[in-house]
Amino acid sequence: MVNVRPDPSFVYRICHEPRAVFGLFVLCVLTVIALTAPWLAPHDPLEQDLLYSFLPPTWYPQGEGSYLLGTDNLGRDIISRTVYGTRIALVVAVVAASLACLLGTVLGLLAGYFGGKVDLVISRVVDIWMSFPAVLLSIVLVAVIGAGLHAVIIAIVIIDWTRFCRVVRAETMVQKELDYVASGVTIGLSRIQLLLNEILPNLVPLLIVLLSMEMGIAIVVETILSFVGLSVASDTPSWGNLIQEGRQYIHQVPWLLGLPVFCLIFSVVGLNALGDGLKQVIDPVSRR
Amino acid sequence: MTTRYLLNRLLLALPTLFGVVTVVFILLRVVPGDPIAMMTGPGATPEDIQHLRAHYGLDRSLSAQFVIYLGQLAMGDLGTSISLRQDVGELILGRLPVTLELTVFAMLIAIGCGVCLAIVGSYWRSRWPEAIIDSVIGIIVAIPDFLWALAFILILGVVIPVMPIFGRLDLALEYQSYTEFYLIESALRGRFDVTGSVLWHMILPGVALALPLMAVGARVLKSSLNVEMTQDYAALAHTKGFSRLQVILKEALRNALIPAVTLTGVQLTFLIGGTVLIERIFGYPGLGNMAIDAVINRDLPLIQGIIITFAIIFILVNFLIDLINTILNPRLRDG
Amino acid sequence: MSAILKISQLSLCLRYAGISERILRGISLAIDSGEVHGLVGESGAGKSILGQTILDILPRIAVIESGTIDFDGQNLLRLAPTQRRGLLGSEIALIPQDPMTALNPVRRIGQQLADTLVLHLKLNRKDALDRACELLEEVRIKHPRRALRQYPHELSGGMRQRVLIAIAFSCKPRLIVADESTTALDVSVQRQILRLIRELQVSSGTSILFITHDLGVVAKICDRVSIIHSGRILESDAVKRIFSMPEHEYTRALLKATPRYDHGKHQFRPIPKALISTLQLEAKEYDRRIRDSVDA
C-alpha cells in the first residue's frame, strides 16, 4: 500500500533535516553579522583608549556601560573586534573554499574523465598531499609565500583542493559510465561539452556539500595562521588575532579568548552540520 | 625474510627523504624577502650585509648552495640559525625530546582510550552505550584539536582553574636536566616532584592532541571489531565457552587492529603535525613552537632543519606502522 | 538408552525491521547418548539454525518463541548465561562447516587448541600445549609439535578440519554438533574426515548431531536420521529403515534425488515442485494455527 508520492522538493527536504536547518541558520547569522558590522559594532574596532584597558564585562562593578564584554589590553571593545573578525572569517571561507573547489573540480574532472596517465599523476599527487599534516603544510607554505591574507587564501587552496579532487574524480568515473554520457558521445558532443554540460551539473549537489564543509575548515585554518601571526597584521581584528591576545592576557580578560572561541566553534559545528545535513538530503542512502 | 622486507621499506624511504630535502631547499630559496636584511635592520651598511651573506653562503649560485648543503647534511651539519645564531642541529636536539615526550604521551592516551571506547561500543553493540560512544565520537571529530585546546584552557584554566595552562614545568621547581627528557630523566633520578609536575603540565596539551586520533581510531576499530565478531572463528570461540568479552579480547581484537592500524596511520602523522600548534597554545617549549618562531623570523636554516626532522619522524612512524602490521598479521610475515 | 539431548516443540523466528519469519516450527528431536544422529534437509530448511540454537550462537535477529532443549535433564534455554557457557566447549562442542574461516587467522594452532583445555580442564599453559599435541596426534596430523606453532594459513583445508575436530573432542564432550562439517572438503578428504570423526566418536562415546544436506554422508556415518523441511521434522528413524522403507513422501523424493553409485543404474530424479509447494502450504497452515491459538 505504498502511495506513489511526488518527489518532495529540495527545499522541503532541507527544511525537514534539522542539521541542514541549523547549518543554514549559522551561515545566515555569520553573513548578516559580517555585512552589518559597522552598524552592529558599538565601537570602532581599532579605537584605542588606554584609560579603559582591561575593562571587565559591563555587569561587573568596574564595568563600563558601553563595553558590554569589556575591553582588551589597549582598551579596544571586545565585541566590536569580534564582530569585525567575522568579516575576515567569512571572506576567507568563501574565497578560499570556492577557489579550492574550482581547482579541485577541474583537476578531478580531468583525472576522472581522461583516466590513464593524467589520472595517475593527479591521483598520486593527491595521495602524497593528503598524507601530510595540513597545519604543518600551511605554515610552511605561508613561510614561502609570505604572511598576509592573500597568502593564507593561497595556502588553503593549495592544501585543500585535494578534498574536492578526490571526490570529483571518483564521481566522474562513475558518471562517465552511465548511459546518458554514452548517448552524448553518440550524438557527437565534444569531450569538453560533455564534461561541462553533462557531467558537471550532476556533481553540483556533491560540490555544495564539500564546499560547506571546506568553509568551516578554511575558517579554522585562517584563525590558526592568524593566531601564530602569519595572517593579517596583528592589530587587524580577526578571530585568530583576538585568540592570540586573549591567550596572552587570559587571566586579565578571559572574554577576549572566550568570545572568538565560541564564534569559531559555532561556525565550525554549524558548517559541518550544514554539510552533513545536505549530504543526507541529497543522498539519503549514505548514512554514516 | 621479514627483516629483509622491513630493511627494504627503510631503504625505500631514503629517496623520499632526498625529495623532501630538495623540495624544501628549492621552496625556501624562492622566498621573497631577504632574511639577512631582516636580521640586520635598517642601520647596517651594504658591506655588513655583503659580509653576512658570504658568512651564511648566500652569495653563491643556487646549485652550489645545494651541493654544499647536501654535503653538510651528510655530515649531520644542519647549518647555523640566523635568528638564534646557534647550531641548528643543537637547537633541534634540545627541543626534540620535549616534543617527543608530549607526542608519545598523547599517542598513548589516544590509543588507550580509543581501543577502550571501541571495545565498550562493540561489547554493547546496538544498545545505548554504543549510541553514546557514536555521538561522542561525532562531536570530537567535528571540532579540530586547536579549538579543543582553547576550550580546555578556558574551562579548566580559567573558569575552574585546576590545570596548568602554560609551560612544561612549575616555575617554582628548580631542575637541571642533562637530556631534556624531563619526564623519564626525573623519574630515573628520583625527582618525583618534577615528574609529577611535567605530567600534570602534559595533560591538557596531550589530551587536545590525542582527541582526533582517539576518535577516528575508535570509530574505525569499532566498525572492524563489529565485522570480526560476525566471523566464523568468533562463533567457534563462543562455542568453546568464551564470554563475549573474552571473544572480543582474545579473538577479534587482534584481527580488527590490522585494518584499524593501517587506516589510522595518517591520523598519527596528523597528531605529530598538531604539536606545532598545540605547543604554541600551551607555551610548551618544543620543536613546533620553535618552528613557528623560525617561520616568523624567516630563519631559513632552522626551518629547513625542522622540516627535515619532521620528515624523518614521519618516515619512522610509517615504518613503525608497517612493523606493527607485520607483527599483528602472521600472513604478512612470509610474504 | 537414555536421550542426552531432547528438543521438544521448539519454534523460532527471525525478526528484522518489523518483519517476522518463522524458521523452526515445533521441532521435536531426541538424540541418544552414543549415537550419531543425522539431520538432513535442503538449504533453508532450518537445520543450521537448529544447531546454532543448541550452541547459543544464534544471530541477533533470531527469537526463540517456544519449546525446550533438555541437555542431560536441564533446559538449556533456561540456564543462566554463565552456566550455559560452562557447558559449551566442555559438554557441548561444534565442528564447524568451513575450515578456511573457522580458525582465527592470527593465532597459532596450539593456542587455539589450548583454549578449551585451559578454560574447562584448568590445565596450565604448558600442560595444555602437551595435551594439544596429543590431540593433534589423535586426529593424525603429522609433525604435531610443529603444527602447534603454525598459523592456520600454513595448513591445508583437510588439516584445518582435523584441527577443528581435535578442538571439538578436546574436552571429551557428550554432544557434538557437526554443522555441514565435510561439505567444504573434496571427496577423498571428506571420506577420511568422516572415518576419523566416526572413530573418535566410537572411542569417546560422544553423541553427534550431524547436520548435512547429503544423504550419502548420512549413510556413511549416522545411526539414526531426521528429515527436516520448512522448519518441521518430517520423519525420524534408523538410517537403515529410512533408506529401505521411507515413510514420508518427501524422504522418498529426497532419496531419488540423491545420486547413488551402489546400484547399477543411476536413477536420479529431482524433487517434484508440487511436493515442495505442498510442504510449504503445510508450513503456512502451521503458522496460521499458531496465530489462531495466540489470538484465541
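Order of writing sets the labels: A, B and C. Residues in every chain begin at 1.
The working rule: contacts are C-beta pairs under 8 Å (C-beta built on N, C-alpha and C of every residue); 3 or more make two chains touch, one makes a residue touch a chain.
All of these numbers come straight from a predicted model, not from anything done at the bench.
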Top of the farthest list for chain C, CA-centroid basis, is A
Per-chain Cα centroid nearest the overall protein Cα centroid belongs to chain B
Between chain A and chain C, the Cα-mean centres are separated in Å by 59
Chain A to chain B, mean C-alpha position gap in Å, rounds to 26
In whole angstrom, the CA-centroid distance of chain B from chain C equals 52
Residue positions on chain B within touch of chain C in the complex are 126, 231-233, 235-243, 250-251, 254-255, 258, 328-331
Listed in rising order, chain A residues that touch chain B in their complex are 130-137, 139-140, 142-144, 146, 220, 223-224, 227-230, 243, 247, 250-251, 254, 257-258, 261, 264-265, 268-269, 272
Chain B contacts chain A in the complex at 24, 27-28, 30-33, 142-144, 146-147, 150-151, 153-154, 157-159, 165, 266, 269-270, 272-274, 276-277, 280-281, 291-292, 295-296, 298, 303, 307, 310
Chain C residues touching chain B in their complex are 55-57, 60, 81-82, 85-90, 92-94, 96-98, 101-107, 115-116, 119-120, 151, 153, 164, 167
